[in-house]
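Going by the order they are written in, the chains are A, B, C and D; count residues from 1 in each one.
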Amino acid sequence: MRKKDFLPAFAFSRKKEVRMYYHEINLRTTGTAMMKAYILDEEITHRRHIKRPLMVICPGGGYLTLAHRESEPVVARFLGAGYNVVLVDYSVYFKQRPNPGEPGVVNQGFRIADAVQDLVQALNIIQENSDAWFIETSRIYLLGFSAGAHLVGTVAENYRDPEWQKRFRVQFTQLTLQGLILAYPMLTATEVNVKERDAFRDLMAREDILQLDLTQNVSAHMPRTFIWQGNEDQTVNPLTTTQFILKLQQAGVPCEYHLYEKGGHGVALADRTSATTPDYIVPNLAQWVTAVQVWLAQDDGELTLYPDLRE
Amino acid sequence: MRKKDFLPAFAFSRKKEVRMYYHEINLRTTGTAMMKAYILDEEITHRRHIKRPLMVICPGGGYLTLAHRESEPVVARFLGAGYNVVLVDYSVYFKQRPNPGEPGVVNQGFRIADAVQDLVQALNIIQENSDAWFIETSRIYLLGFSAGAHLVGTVAENYRDPEWQKRFRVQFTQLTLQGLILAYPMLTATEVNVKERDAFRDLMAREDILQLDLTQNVSAHMPRTFIWQGNEDQTVNPLTTTQFILKLQQAGVPCEYHLYEKGGHGVALADRTSATTPDYIVPNLAQWVTAVQVWLAQDDGELTLYPDLRE
Amino acid sequence: MRKKDFLPAFAFSRKKEVRMYYHEINLRTTGTAMMKAYILDEEITHRRHIKRPLMVICPGGGYLTLAHRESEPVVARFLGAGYNVVLVDYSVYFKQRPNPGEPGVVNQGFRIADAVQDLVQALNIIQENSDAWFIETSRIYLLGFSAGAHLVGTVAENYRDPEWQKRFRVQFTQLTLQGLILAYPMLTATEVNVKERDAFRDLMAREDILQLDLTQNVSAHMPRTFIWQGNEDQTVNPLTTTQFILKLQQAGVPCEYHLYEKGGHGVALADRTSATTPDYIVPNLAQWVTAVQVWLAQDDGELTLYPDLRE
Amino acid sequence: MRKKDFLPAFAFSRKKEVRMYYHEINLRTTGTAMMKAYILDEEITHRRHIKRPLMVICPGGGYLTLAHRESEPVVARFLGAGYNVVLVDYSVYFKQRPNPGEPGVVNQGFRIADAVQDLVQALNIIQENSDAWFIETSRIYLLGFSAGAHLVGTVAENYRDPEWQKRFRVQFTQLTLQGLILAYPMLTATEVNVKERDAFRDLMAREDILQLDLTQNVSAHMPRTFIWQGNEDQTVNPLTTTQFILKLQQAGVPCEYHLYEKGGHGVALADRTSATTPDYIVPNLAQWVTAVQVWLAQDDGELTLYPDLRE
């Protein structure tokens, strides 16, 4: 899979006045997967600029669809915290999601490895643009929700393996995957209880279930990891998550775990910004956003301003 | 001055996949003033959408320039809190700001009334686009820093006056200016101590100083108002701000005031997101961001999802 | 008035095992006014001890009674923040407060000056015990609610005046009144709207109203001051409070002011700890507790442990 | 062991004016173990009173000593949050703790079962006094640090077992142990790395190590449990803690777990209130205090005031 369409925002044409850069970049020639880069203006004050850490976000959706709630509201929250953000709309099972009365259109050839390829491709493109986008390449974070957590976890576990690098055409060797953030993560293909059961079963029938088990492939090379979940989660099993943390601890991976007694799945920020119904405003779960910012801040170095080398 | 160039983001061409809409719109034919609309995707979940309150931000800069620190980082913070945002890059004194060795280029004809016209024009354009941008028209907030606070304050005090409406071609009568947020506000043209003293003096020489005194024009029709400032502010006088709050109280305008014992001017968010040097990270001042979100949340109604009427 | 009864807690008899010291000390021979000292154990770890700053709390009650809500719950909150605390149950108008059907018993001779004397006496006793109670004498704070704020404000304004010192027998010259905290303060005797109107009027008939106006006696010698109030306060006028802050600013007294748009009088901590009914849980007002702790923390010096000089 | 000395505070003699009640009660005739009850005044406003939940605190110290840092500062914090508090100074190995040059005096007969008996005895006494102390008997919480966590955990796991009840003379059957809070808990007797190694080894030589393993005795009858720890803990193994949480989840015990990536053992509140040196101020760990208050608040029912039945 090669990088195809680079669609610059019209913004590039008048660089001096532009603030945020917004780029949509296809990850596949078919246009069925794309990444969206939200880049804050690097010029933080007159003629001086900074580089920013990057948050790469993969929403959930069971690998069947992409959850809105875990997409843009989360992008906005991290932009507001001073991160540049890339949102990865990776390949999924449904080309067109089902609606009442309509069965949906399935991407017949879809395999989870396609999604993995998409994330790798996104990271390759990020590396290519890291100067233009003023990214602190030593601070790339992967944040995934549910199946999106499975996706970022897959890359975090394997990206250093030479075989795997070859298979997925990894080029992003100059990026440091500094941290991994998993929100109510889908860590295995079993013990998952998604709404569209038949579709999920159909998808899993094509996959190698054992290969999908992230709990079996933890290694000391993984980035520091932050995991959170509600212990009343009915969609993915919180016991599996605790077992996963245990493996990280055993492997010596620096990790942080917030298992909240109450609350379930799919809440994204758990406050009004991402809520579709009042059910999705869960104050005790919303604590995760503050906790992750404290955890991320441990990587804050000194504020560095770069002299203006641009025209 | 009429609205001229409407530059749609390329995003419009492929509406379904687009998340955030980013629009730059000229406020003047000369291109010397513009507004930037940052519109979150209204589709909060599959086929259901919401409307969002709007934060209109005017950065400071003494009416001489526009402060970066009070622009995009602040935009990002409010996007992350679930607001759509319009940043107004209004007309200012310097067409090209001075640099070491260069005197800068002055916009000779500039008058503060031009900036006022720009903000009015932005609000007119917001009203025109309020459906397309899914704005809760009953929740428009004006947020200004320093001179930007003088600007939003000027509009908030006068926009209901018929004479004033005619002079500035106010059309945004269907918008409710629900709240006014003033950060270390420049409330008068005197007792202001900006860095570029000569330029400021030159500008003020052209103005009617009395007309610029916001403390003289408070009325009960003003929106609810939130003001904050550091009591060690050396640029604008915190005593004037306290006197202004007193007038709001006397006029019966609901208001909130946070005067912090320590801390000065120009800190924007006062945390790392807007900081250019460690001096600009002022934890006690950063409390204002949380306080304003509590104040804004008092307007939160019930979460309302709209049925999908789009194709 | 001299210090009469010193009632040591039984705790002194077995000093080594005792943690918190709790002392009740009469401020008057009649036993109608007392102070309660809550002293945390100075032995912070084996054989090393620290000194603590002291919070002196005066509850409100219109000088007619003493409000429970502003007494012990507030004591507990500041103990929990690492302060030693003295609660002053100063003389008030009612010897026995009225109940439905009972008129209450009035202390006929009561004058506000009696309450002032009580607070001075408490400070004198604090100075005498500052070593035994391991008080950081450079960090004495006065916190008053409503009429209690009037009381602490009176002392803060006058305690350096030689005449006043003589009149009230001030001995606490080795204490530094480092800060003054006023919660919805009664600053004058007018524009006050208490429940027991007749009693208040009777009391004020005996007083010199002008002498009671704190807004007239601000000076640069006052300690740094933190004031908060809800702008919907129906009992004391928030406009007076804003005018008072203006005077502090004009006098060059370092000050901080939090005027909350919504919320009224008498809420103490405004959370569950001090609430008697759900009305007294007012989340936007509860912000004051965090704000005052940030303000107080500005006086935190280095942690100092003292060697163990005790047996 | 029977309850022996009941030492009322002098406070009882003048009940009406007293605010906080402070009681020291021996748990053993030898006077080598005691409980300290800190009871907030139940009269929350004139003639109306409330009952409060109770926090029972067991400090750590490896069963060798009792840590100051985890005693009174923690008591004060929970009083400030509106809890009545009982601090249990349970029996420990050292009768007199060692000092430089002094070996310390060992309580030769000491067994961990003595400490367990002390906690049971404290709960029995609490039940006896629950009316007098205005305790909400449905909301008793046990909070333990390190070895103190082992102690409260031991009671929480066993107190419903009839054999165990007989052995330890459990009488507190009318109390509901509503929640268990374990701070960097010692869950087994192995993998513990305390400073006084020889003493700990000597103590453990007398014990049945298997009986001390809390991970082996989890049952569905345990109260809802909140556990926190720093993942850099060098004294007790965080892996054991994660395994323990897994067992709680497997048993269906509602639980919450906060494992912080950075930070170690013995920090108590991890802020200035309990700190002996700057090392003990660890902001990321201090988050636990807020998290536990959110967790506790889930048990808050309606505010209930009781009519005044006292004279």
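The working rule: a contact is a pair of C-beta atoms (placed from the backbone, for glycine too) under 8 Å apart; a residue touches a chain by one contact, two chains touch by 3 or more.
Just so we're clear, the structure is a prediction, and the values are computed from it rather than from any experiment.
The angle of the rotation carrying chain C onto chain D, fitted on C-alpha atoms and rounded to the nearest 5, is 180°. Here the CA centre of chain A is 33 Å from the CA centre of chain B. Annotation: 41 Å between the Cα-based centres of chain B and chain C.
Distance between chain A and chain C, defined via averaged C-alpha coordinates, is recorded as 53 Å. Multi-chain contact residues of chain D (touching two or more other chains) are absent. Every pair of chains in contact is given here: A-B, A-D, B-C, C-D. Of all residues in chain A, those touching chain D in their complex are 224, 226, 231, 238-239, 242-243, 245-246, 249-250, 254-262, 283-284, 287, 290-291, 294-295, 298. If you check the complex, the residues on chain D that touch chain C are 7, 9-11, 17-20, 22, 24, 34, 36, 38, 40-41, 43-48, 50, 65, 67-69, 71-73, 75-82, 87, 89, 97, 99, 272-278, 281, 297, 300, 302-303, 305.
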